[in-house]
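Shared between the two complexes below is subunit A, which pairs with subunit B and subunit C, respectively.
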Partner chain A sequence: MAAAETLYDVIRRQGITRRSFTKFCSLTAASLGFGPGAATAMAEALETKERVPVIWMHGLECTCCSESFIRSAHPLVKDVVLSMISLDYDDTIMAAAGHQAEAILKETKEKYKGKYILAVEGNAPLNEDGMFCIDGGKPFVEKLKWMAEDAMAIIAWGACASWGCVQAAKPNPTQATPIDKVILDKPIIKVPGCPPIAEVMTGVVTFITTFGKLPELDRQGRPKMFYSQRIHDKCYRRAHFDAGQFVEEWDDEGARKGYCLYKMGCKGPTTYNACSTVRWNGGVSFPIQSGHGCIGCSEDGFWDNGSFYDRLTNLHRFGVEANADKVGMTAAGIVGGAIAAHAAVTAFKRVTTKREKADAS
Partner chain B sequence: MTIQTPNGFTLDNSGKRIVVDPVTRIEGHMRVEVNVDENNIIRNAVSTGTMWRGIEVILKNRDPRDAWAFTERICGVCTGTHALTSVRAVENALGITIPDNANSIRNLMQLALQAHDHVVHFYHLHALDWVDVISAISADPKATSALAQSVSDWPHSSPGYFKDIQTRLKKFVESGQLGPFKNGYWGNASYKLPPEANLMAVAHYLEALDFQKEIVKIHTIFGGKNPHPNWLVGGVPCPINIDGTGAVGAINMERLNMVTSIIDQIIEFNDKVYVPDIMTIGSFYKDWLYGGGLSGKNVLAYGDVPEHVNDYSEASLKLPRGAIINGNLAEVLPVDHEDPEQIQEFVTHSWYKYPDETKGLHPWDGVTEPHYELGPNAKGTKTNIEQLDEAAKYSWIKAPRWRGHAMEVGPLARWVVGYAQNKAEFKDPVEKMLKDLGLPVSALFSTLGRTAARALESSWAGHQMRYFRNKLIANIKAGDVSTADVDKWKPETWPKEVKGVGFTEAPRGALAHWIKIKDGKIDNYQCVVPTTWNGSPRDPAGNIGAFEASLMDTPMSDPTQPLEILRTIHSFDPCLACSTHVMSPDGQEMAKVQVR
Partner chain C sequence: MTIHETLAAAAHGGKAVERQSIYVYEAPVRIWHWVNAVLILTLALTGYFIGSPLPSVPGEASANFLMGYIRFIHFAAGQVLAVFLILRVYWAFVGNIHARQIFHVPFWSGRFWKEWLHEVRCYTFLARQPKKYVGHNPLAQFTMFLMVTLPLFFMVITGFALYSEGAGRDSWEYALFGWVFSIWPNSQDTHTVHHLGMWVILVFVMVHIYVAIREDIMSRQSIISSMISGERLFKDRED
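Up next, the complex of A and B:
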């Protein structure tokens, strides 16, 4: 059997020289903040590794995460699927269906025990014995737990898998439950957002396949490299916020001049994500650049924090020093003692918000 | 037992039962069961929506201006169309008008969605039903090049280009790690393409994957991101500032140039790759004209893409509107969303309860009380379904009907309505395609017809985008740069109690939202979506839905491989997260939703 095509092969085939390839590795390692040794490790990994099997399952969701993933510009998703990972199961794009699809799960679980990545898009509803999401005639939650047993690591794609998202918004009729409340004994990387940015998604996957380890996570389980700072911290409209220049009404003079959207309800000051730096769809724009405030879609419970147009009232010009870890620590402490009832979640949000305010002042 | 349905199908469930679960390459979760006779011909079909999220009940008591964001998350594949439907419903209820530029920008975004969704649907969700990937390995790259150059002047067509693709594919297959192509139905007798056509299609599968991410940049420019761009009740959130202070952060010349460039690429890709591919594939599948189902009988379209701002009448809509019943193309009937006698939903075979299940309810009077139970003849248990009982309740999808008829919606329905209305922009391309393939009009009513209509529509959408791009620029040139009307932005300005309806043509068909607003909050919200129409279960009269009808009488070459079932179901581009929108149990608050 011929060797699997590696990323290095792909790059060379596209006319890139060995020298440029090495340079690419150094620059990528540097841009991610790694030392010089990392570049060599990255080069070696890209040249020689067999592709890691990835099982991508779908629970209650809208498939926006899959759609986002295929938008990745660097790397191209074509190269991810053909050369970097082995996407052996993904309901959305796989050729097989029914029994032939189910057979792949069984085979992967046995053949790649402890060696495959389980990527989960969506979450599991627990009401009605799990039958609000039926897969192969059975509750999705059963299939999820079964595949999690032998996974090397688990990725929670998007707000659904990470926090619950829209179907878990009050009153959460199906009891849609984020996967870290269902799978308790495995490392779970949360990649929140509705959806997450394409290059953040492929960045997380290629980090694992390149460096052979999980990315450093904050206390809420999110990769620090993409989720450790707020949209507001790096927003190109920040200067207008600092100068007190705000959009007061849609399509007013301030809107046309690109002033700060804080008064229109922008949640950038309380949202941890990479939108204002990585931006969307190959760097074309991000919500604030296109005139609408951030709706905070990578934050836990963002659907239940009042209207998207309500002004944040807990904001007192806090600086960039209140980082994700501080907020995360608060959250972890409270969640630990809380029951997964909505009332508790709401209370937790309130406390988190207060604490944030305390941090800020 | 044999049953004759009122809509003209003979069901016989005595033969061998085949279950396909999960149905893959769709949005969401779905199951299909069929019975085949001794010749492996499908004689009974059962389609089931197997997921359910409850967005409508979640919307209760929320700010109507936020509803677009919630409903947009009904679906991330047809991202934006629910949001547009929602802002239209809220604007309709509150009497809000939008500026001309906002109409052009919304049309550009909606048309970009049509183009994107159709390309991704065909190449990445549907093509593997027609294209045998493994066969491409044995193609002659020179012959492939000759084939490609005979159907299109698309530049990526040299023998070397196809050889490189083939080499990469070969290495991929030989690695033994087949990824998404693992356990496919390669070699099945229902694949009809020669290796060269398969290789050309595989090359275009990869090119389309690269290209689709460009199309959505239209959403990113105007809505900040894709999937799930941002929208605004009263207009669009992006301001226009062509050459003043701060223009660099608004819709300016550079942004408009990017829009123009993307539209040019969309038109070129459709006309040089997508449509020629459909013609090539169609030419090898001319004898496989199964899957027509309801398309030659009952079709429904709401219309979309208003030419004139704030005018959603049939005359203003560029996508056709109307209903055809009993195959009578000579008469296109008017559709009224507000008439309680026209659109109704039934639940006799859905996992919901009505006080009187013999009757249907208009969305403004809708009741949603979940009731999950398997029928007496189902096999398995409540949490391990082996076989459904279609004589009882069997799906999370309700059964919407138009004047009592099960209807097909989607690109084919739209194009059949446009054809019946003798609109040249729909009729001419259809007739040209049929003529080039040497097929009669009746061939349109098939799985292949559905797939071809989608390609024609993607091409149509690209050209319409160019039209609305020009319209936007002409209006800016005339001195109008406004993008939002804020007169009724504040809830204090709203009446105490109002109701409204908004509609669009989503890529997969007719979509409408019905809203009731009371004291500034959502009092009730109901969506009836394309896959609810197409994927509907049986109704009290026994009419089968469009998916079910389309599977009838199709022969399977190998009943252990559901290739033909997937091919026909995929031709509808099913979206199950959309269809199973309705609300859920637990707690009195949600046990019943009374809309009025």
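Up next, the complex of A and C:
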């Protein structure tokens, strides 16, 4: 692998002269109000600080995360991959192959012990000792554990690595298991979505490389800056929700007018993601904008939660398929019937007892 | 507890009727009961329409706020219910012994379960004479604990957790109740269990009203009027 490139090397490679570089450092130091020594310290830091090495591994997945990632517009993915991070290993897009590629893993693990980021796309199937996903002649789960040992942190890309996704759908024959259930002793950043938004992915990477630390995470381990609000909270159709104006069926008047898709099973009210603000394809659109409800692809268990077009979730318990209201109404109906029957028996008993008493006296 | 034994000669009858009345339900308990009744009805109705909204309203979005009002009523009623529940818990500590009854089940008491079984037998017409109780009978206590007290706490907790989704991650609601999403990471599931909780309470309401009316007619003590006056009136003096 190439000698570690510093940020200074990258700056020079982009055609910026040494003179401009030192000018930049002194100007920045002055504008931030630092003392006279700061410019030199800053220049030295940029000259010595190595780009963060990133190892990108692929487990049980569909590569939609990579497909999304390479379409990032802000920042452009070329800037991320070529300038901001040192993407040392990604078996899908790297030039090296075979033993040559695998050797990089060992080298990175030794050379950057505790300093590299392990980005994992997909998850590890644990059933049959992990035989359902073989990577480089070994079960993926072994490779994952081996590389995780010396990583600084792990990024779990997508719904697969974060929650399990469709390969973990019931009954989950391969026992596909999200990363945080396999690696227990490392900080894990979940970036869920199927796939996650490109700008969210590069945004997370940019944050780590810029500040040298992990972004603030929420209770579920997702970066707060992208996952602390629901689609519903920032949806441009929210006004129609509050007004009580809904699409009642596909292609009706409400659909043409752009009413709220709540009744069509939109999962926006229960989905934490940045789609309604960042949007997709460089900010062009997102599902709701193109007239289809959110399917909640960044939420845990979305693949097992019934139809994408139901508002109320179907319960798959006791072999019955019904939503909470159907279950409740059935229960209320049975109890209502029982009450009526009980009242009838009570009345009958009362009459007969009275008659007995009357006969006795 | 105070026992007023009144030997009242009925004004027009002349024959002395022996009556015993006991003060059971103190004012805070009675107020809580009726406030709860109104709130639960409101919450169930508005909650149902949040899950399955009414047909779309015509006109511009800016001229309408139907869903907003329904949700507002639901949230407001929910918060009032929570406050009254807290006050009720307080009263369980400072009120009389009957104020504590629905907050526990004497699980390890053999006598409790024996009498519980007797009540079950009475309601299934296997035993004839139900025992008399000053407060709730064991079966009632058991049912109320299981289908009112616990579900109410459950609904308040999950309700505030769901409310915190809109209130934001910096809200006190999220700080206090955000842990619910550690149990159900996908709040879609939290919505579902919140729905089921409503039905548990509604089924209880049905049984509760039926049994209260039935007992008022059949048994030898007052039931419905007790929740208004607080006095339990016994109509005869057998055990």
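We adopt the following convention: the second predicted complex is superposed on the first by the 262 of 361 C-alpha atoms of A that agree within 3 Å, B and C clash if a C-alpha of one lies under 4 Å from a C-alpha of the other, contacts with A are read in each partner's own complex, and residues count from 1 in each chain.
One rule holds in what follows: a contact is a pair of C-beta atoms (placed from the backbone, for glycine too) under 8 Å apart; a residue touches a chain by one contact, two chains touch by 3 or more.
The shown structure was predicted, so the numbers you read here are calculated from the model rather than taken from an experiment.
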- Examine A:Tyr262 and indicate which partner it touches, taking first as subunit B and second as subunit C; both and neither are also allowed. second
- Message: So in the superposed three-chain picture, is A:Asp233 touching just subunit B, just subunit C, both, or none of them (first/second/both/neither)?
- Response: second
- Message: For the three-chain arrangement built by superposition, which of subunit B and subunit C touches the greater number of subunit A residues?
- Response: B
- Which of the two partners, first being subunit B and second being subunit C, lies in contact with A:Ala243: first, second, both, or neither? second
- Looking at the overlay, does A:Gly282 come into contact with subunit B only (first), subunit C only (second), both, or neither? first
- Go through the superposed model and pick first if A:Glu61 touches only subunit B, second if only subunit C, both, or neither. first
- Item | subunit B versus subunit C as contact partner of A:Glu199, first or second or both or neither | neither
- Query: Counting only touches as set out at the top, which of subunit B and subunit C does A:Asp180 meet: first, second, both, neither?
  - Reply: neither
- Message: After the superposition on A, what does A:Asn305 contact: first (subunit B), second (subunit C), both or neither?
- Response: second
- Query: Which subunit A residues lie in the overlap of the subunit B contact set and the subunit C contact set?
  - Reply: 259
- Task: Spell out the part of subunit C that touches subunit A in their complex, as residue ranges.
- Result: 48, 51-57, 61-68, 70, 123, 125, 165-166, 168-169, 178-179, 181-182, 185-189, 191-193, 195-196, 198-199, 202-203, 206-207, 210, 214, 218
- Note on the structure: subunit A contacts subunit B in the complex at 1-5, 9, 13, 50-51, 53, 58, 60-68, 70-73, 76-78, 81-82, 85-98, 100-104, 125, 127-140, 142, 165-167, 169-176, 194-195, 198, 236-237, 249-251, 255-259, 275, 280-282, 284-292, 295, 297, 303, 307-309
- Contacting residues of subunit A [partner subunit C, same complex]: 163, 218-220, 224, 228-230, 233, 239-246, 248, 254, 259, 262-263, 267, 269-270, 296, 299-302, 305, 311-313, 315, 323-325, 327-329, 331-332, 335-336, 339, 342-343, 345-346, 349-350
- Message: Considering only the defined contacts, which subunit B positions touch subunit A in the complex?
- Response: 19-29, 31, 50-55, 57-58, 62-63, 65-66, 69-70, 73-77, 79, 120, 124-125, 128, 133, 164, 168, 171-172, 174-185, 206, 209-210, 212-213, 216-217, 219-230, 232, 234-241, 244-246, 248-250, 258, 370, 372, 380, 382-386, 396, 481-484, 486, 489, 561-562, 566, 577, 583-587, 589-590
